[in-house]
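In the two complexes below, chain A is the common chain; its partner is chain B in one and chain C in the other.
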Partner chain A sequence: MKKTTLVGLIALGSLSMIGTASANDAVCGLNNGQAASGEPIKVGAIYGNAAPGDFSAATDAANAYFKCVNENGGIHGRPIQYLVENDQWNPELAAQAAAKLVKDEAVVAMVGNSSFVEMSVNAPMYAENGIMAMASGCAVSECFESSNIVSTNQGPLASSVGAAMYAVEELGATNISCIGMAIPSVGNWSCGAVQSYMESKGLNASYVLLNPAAPDVNSALLEAIASGADSILVNLPAGLAIAFLSVAEEQDLGDAYSWTSSTPLYDASVPKTLGEYWSGKMFVSAELTTIDGAGADNQNWLRVMDAYADPADPRDTFAQAGYLSARYFVKTMNEMNPVNVDNRALVTAAIQAIKGYDSDLMCGPYYVGRADRHMPNHAGIIVEVRDEAFHVVRDCFEYEGPYFEPILDAEKTLGLR
Partner chain B sequence: MAQRTLTLFIVTALMLGTCTYLAWGKPSSVVGLFVVSGLAVGSLYSLGGIGLVVLFRATGVLNLSNGAIGALGVMLAWQLQQWNFPQIATWVIGIATTTLLALVYGRLIAPGLAWRDPVVKAVATLGFALIVLGITAFAWEDDVRKFALPSDKISYTLLGLRITLTRLIVILAAIAIVIAVWLYLSKTRTGLNMRALADNRDISALIGIPIVKTETIAWGISGLIAGFTGLMFGDLVRLEPFVITFMVIPAISAAICGQLRNLGVVLIAGLCIGVIESMLTLHPVLKSVRPMAPFVIAIIVLMWVQRGRTNYFAGN
Partner chain C sequence: MQITQIMQMTKSAKIGLLFALLAFTFLPVLAGGQWIKIFISTGCFILAASGVAFMYARLGMVSLGQVALMGIGGWVMLRMNHAFDLPFEINLAVAGAVTLVFGWLLAMPALKMRGLYLALITLMAAGGLEVIFSTYRFPNGGEGFWGVMPSVAAPFRRPLVATDDADYLRYIIFAIVVGFLIIELHMRAAPGRAWAMIRRSEAAAYASGVNVVYYKAWAFGLAGFLAGTSGGLLAGGLGLLDPATFRASESIMLFALMVVGGSRGWLGVVIAGVLYRVVPALFNDWTIDADIALVIFGAALLHAIITAPNGLSGQLIDLFGKVGKRT
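== the complex of A and B ==
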């Protein structure tokens, strides 16, 4: 009996060690297992967390990666001090947070930013102060059409165009109604790009902008129906999208139209929330690889999260994007001359020189370059909501349409094409 | 009575005129869809407005926390459903909680403000709303959720639009509550006490009306209606505490159209606000100002009924 217990304990201990080893197998930065020391290198970030949503997943993941880096050689042996501010979706707080980080704390770069409010407010300030923001949660046009912000996520425009392409090429859509948010630089910008894409293919599209303050989503559905569309593209935050799809279900429109969505619906809890009705009917454009993607870098992200993040921190697309921004930043800094890593101008130049970084998290290469707009992530995958889960139905494909033409030209100039 | 009927007539005519303008030149099938859709949301506004008026008529308190209380109730019901409680139990506990919350405020906080101006009383309920909303937001972080009722699966077709049984229940409940409250206030002793209390609290106290008991009943009814409205709103619109909390705003507009007294006008105003809001979608320019509709309607009605008078809140 004692022998059996002993064997059991040894087995349990071994399993537990395997588990520990697995979590600690995370690969970060120099990955030399030595704790960083010396004067910290200050890096900033701003996220939004208040009603209507918590966008802290990206900074949580970036923070986890930086912790891992600090235990594995840091940046040329020096630790990263990650200073994170919450703007609470308040433009005034967003400006104050940026002033504090950029001017008072003199951070060398912003990494993992994920507040659409702060990006609108602070984009000119970042340019004036010569600092780069390696963002992870861009949503507004100012974020993508700015000289000093570059994001690992796609935002509503690219992911909506991806969804529209799938609707046209696989679901036979000829007339799409895009349902967006009536927020400046978001709904009209992203649904407008869908319209341009459809027109470039000789097809029709229109858009309905839903005021987030209006409780009634039924009218938006009716307006979409009245447009004569044969396909509906839901380009809304997940909560609002669920409400919109509920009224569509109420009208039993699941089979009357083809249904696609931009990335916000790619959330682990969505398939179950939507229920059986939407099984096999809803197709979602995902900006990065699937959360359980088998690629080495995605698995490394999961290990970093398990070892260094709070168990309650989300494992979602924004967290993937935050990890990716942090990893690319550390890679860039470690490739710099150690004497220059405190010099913001040189750090900015190094970030702008990023070209062709690869990860299985993203479908295409990540680059920055000196340009007045940045959208390196413009290829994605499509997942289907089926049997209370997501299933990949289309692997990496590049988005098309007039909006991407200047971006593709820039990539040619950089030698990426 | 004649004055009330005139108000009802004017409000109805105003609303119908606006709807006709918005619908002009549109195919009747499309208009029908928007009317039915608006009625469905408008019935929720009516329900919320009725809850406000019932309490105001008895206590003189414009309870701005009804939305927040309703939001807490439906979130709790949703949570219990996740824990596999029987559905009926989740609804009962949700509504019981909102009733209890309203009673707590009515018994513990409201008496301390009983002799203050109506505006002070209203602002105090706003503070209570923010506390309840804070607790709800703390307990249930932002996430994807859906609250469903079995009646969602049963539907009927009206003017080309499918209407679920839940929506019909809301419309019928709004009408039934108006009738029940009217009967209660006009035919029962407690109802008489409530009306006396609302008219003059000092004299009511002097002639021996049981103020605490009467107000407690009014707060209980208000909490009950808030709980029911919250459940319906969570099911039919969105299960988001912030959205449900601020649902009280169009409900206030409906209540103000009825001068915080006339339940019939509140019912019609709520329905019309919903329909006008829905039909504004048909207007190429005005559709972007839809959220303003309840306030614009309330201001126009208020200006009409207050013509020649001053200071609405102190008007009683």
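== the complex of A and C ==
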């Protein structure tokens, strides 16, 4: 009995050691196992957490990665001090947070920003102050169409165009109704790009926009049906998208249309929430690799989260994007001359010089460059909701359409094509 | 009334001007970038609160649409900025004038209503404006009447003398002083006397030959002008506006805090503005949930209603008076 207990304890200890070793196998920055010391390098971030949702996943993941970096050599031996502010989806608070970080705290860069609001407000301020924001949760056009913001996520436009391409090429859609939010830099912008893509293919599209203050999903569905569409593209936040699909289920429209969605529906809880009715019917455009992706970098992200993040922190696309922004930032800083890492202008120049960073999290290379717009992530995958889970049905493919033409031209100029 | 009487400086006015001078000189120097932004916003809402305070104190009229009227001023300011190449001050004057007209429109039902019914009318107007703002958004340099485009907002031109945040805060402090002086001038001239009579009894005011309709509309117009000007200044603070700032609930909050601060003088309005914007910002800075401020505001409102009819400013003035007598 004693022997059995002893063996059990040894086995348990070994397993826990394996587990610890696994978590500590996370590769971060210089990865030399030495704790960083000296004067910290200040890095800022702004996220939104209030209704309509919590966008802190990206900054949580970036924070976890920076913790890991600080235990593994930091940036040239110095630790990162990560200062994070919540804009509460309030433009005034977003401006105040940016003023605090950029002017008062004099951060050298912003990393992991994730909000509906802050990019719209602060894009001109970042340009005026010569600071780069390596964002991770962009949802508005301003985020992709400004000189000093670059994001690892795709945002609703690219994601929706990806969904529309799949609907046309695999589901035979000829007329898409895009359901979005009535926010010009979100719904009009992204559904407008779907319309442009469809027109470029000689096909039809229209869009229905919901008032964010009083969204009426019943009316939106009726309007989509009245448009004569044969395919419906749901481009809404997850909660609202589920409400919209519930109404469609009540009308038993699952087989009457082909159904696609932009990334917000790519959340682990969604397949179960949608239930059996939508199994095999709903196809979602995902911005990064799957959460359980087997790639080395995705596995490293999971290890970093397990070792350095709170267990309650989400493991979702935004968290992947936050990790990726933080990793690219640290890589860039460690490639700089150590005497220059406190100089914001030189840090900005180094970030703008990023070209061809690779990760299995993203379908294409990450780059920045000096440009009026940045959208390095414009290729994705499609997952199908089936048997209460997501299944990849199309691997990495590049998005097409008039919106991407200037981006592709910029990539040619940078020598990436 | 002679011009010398109108221009006579009261003790309160002297203290107010000294306070403004100190704020004008030191606040932009001492505050960091974040707090300058907070004080810019606070200043705009102080100016807006002054309009709703004088209506309440002098006419007994409750307007729950002041923040929504700010939205109109902000909308016009942004539209003018993006449509024409005019100086900031002209755009601001147009924003104030257009909102003044809206104030008059809002006065139409007010001519027959008082108390709760008037408050409800103004609240419904604020609700209607909230829907319009959230549906059509604020101009950001786009084409057409609404001027909205799905991309980065076009640049906003600030006053030539106040292009950076610190100078813009000084500009707003100056605008607040001008706004307070405009109200004070009204108080000391014919409109002030007419409003005082209307507050006591509309029938008596009619019997005395006061044109009640005219002076009530004037009051709403003045409150609208102050709201429009403050909305225009707020637009200059960020270079853009968001519908969430102008929800009907914000008008109620501003009115409630004006009651807490006190409606009868400049100090009460300043306290209202500070409670409205500085207290939540402090909580945010201390990483305390800013919604706790709502609980504090509720308690402060109860306190004001039960024990302080002149608000916190009345209590502070009484306290200073007692201390002054003892010394």
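Basically, the second predicted complex is superposed on the first by the 416 of 417 C-alpha atoms of A that agree within 3 Å, B and C clash if a C-alpha of one lies under 4 Å from a C-alpha of the other, contacts with A are read in each partner's own complex, and residues count from 1 in each chain.
The rule is short, and it goes like this: a contact is a pair of C-beta atoms (placed from the backbone, for glycine too) under 8 Å apart; a residue touches a chain by one contact, two chains touch by 3 or more.
Because the structure is a prediction, the values reported are computed rather than measured.
K.L.:
On the A-aligned overlay, A:89 touches which partner chain: chain B = first, chain C = second, or both, or neither?
P.N.:
Touch status of A:89: second partner only.
K.L.:
Return first, second, both or neither, reflecting whether A:189 touches chain B, chain C, both chains, or no partner chain.
P.N.:
second
K.L.:
After lining up the shared chain so the two structures overlap, which partner does A:239 touch, if you call chain B first and chain C second: first, second, both or neither?
P.N.:
Touch status of A:239: first partner only.
K.L.:
So, A:269: does it touch chain B (first), chain C (second), both, or neither?
P.N.:
first
K.L.:
Is A:54 in contact with chain B, with chain C, with both, or with neither (first, second, both, neither)?
P.N.:
In the superposed model, A:54 contacts chain B only, not chain C.
K.L.:
Please indicate which partner A:218 is in contact with in the superposed arrangement: first for chain B, second for chain C, both, or neither.
P.N.:
first
K.L.:
Of the two partner chains, chain B (first) and chain C (second), which one does A:251 touch, if any: first, second, both, or neither?
P.N.:
A:251 contacts chain B only, not chain C.
K.L.:
Looking at chain A, which of its residues have contacts with both chain B and chain C?
P.N.:
Touching chain B in the first complex and chain C in the second, residues 182, 211, 213-214 of chain A appear in both lists.
K.L.:
Note which residues of chain A are touching chain B in the complex, please.
P.N.:
51-54, 182, 209, 211, 213-220, 222-223, 225-226, 238-240, 242-243, 246, 250-252, 267, 269-270, 273-275
K.L.:
Tell me, which parts of chain A touch chain C in their complex?
P.N.:
Per the stated touch rule, the residues are 86, 88-93, 95-97, 99-100, 102-104, 117, 120-121, 123-124, 141-142, 145-146, 182-186, 188-189, 192, 211-214.
K.L.:
In the complex of these two chains, what residues of chain B are touching chain A?
P.N.:
Against chain A, chain B makes touches at 30, 33-34, 37-38, 40-41, 137, 141-146, 152, 155, 161-162, 164, 233, 237-240, 242-243, 246-247, 250, 274, 277-278, 281, 288, 290-291.
K.L.:
Could you pull out which chain C residues touch chain A in their complex?
P.N.:
Contacts found on chain C: 32-34, 36-38, 41, 130-131, 134-135, 137, 140, 142, 148-153, 155, 165, 237-245, 281, 284, 290.
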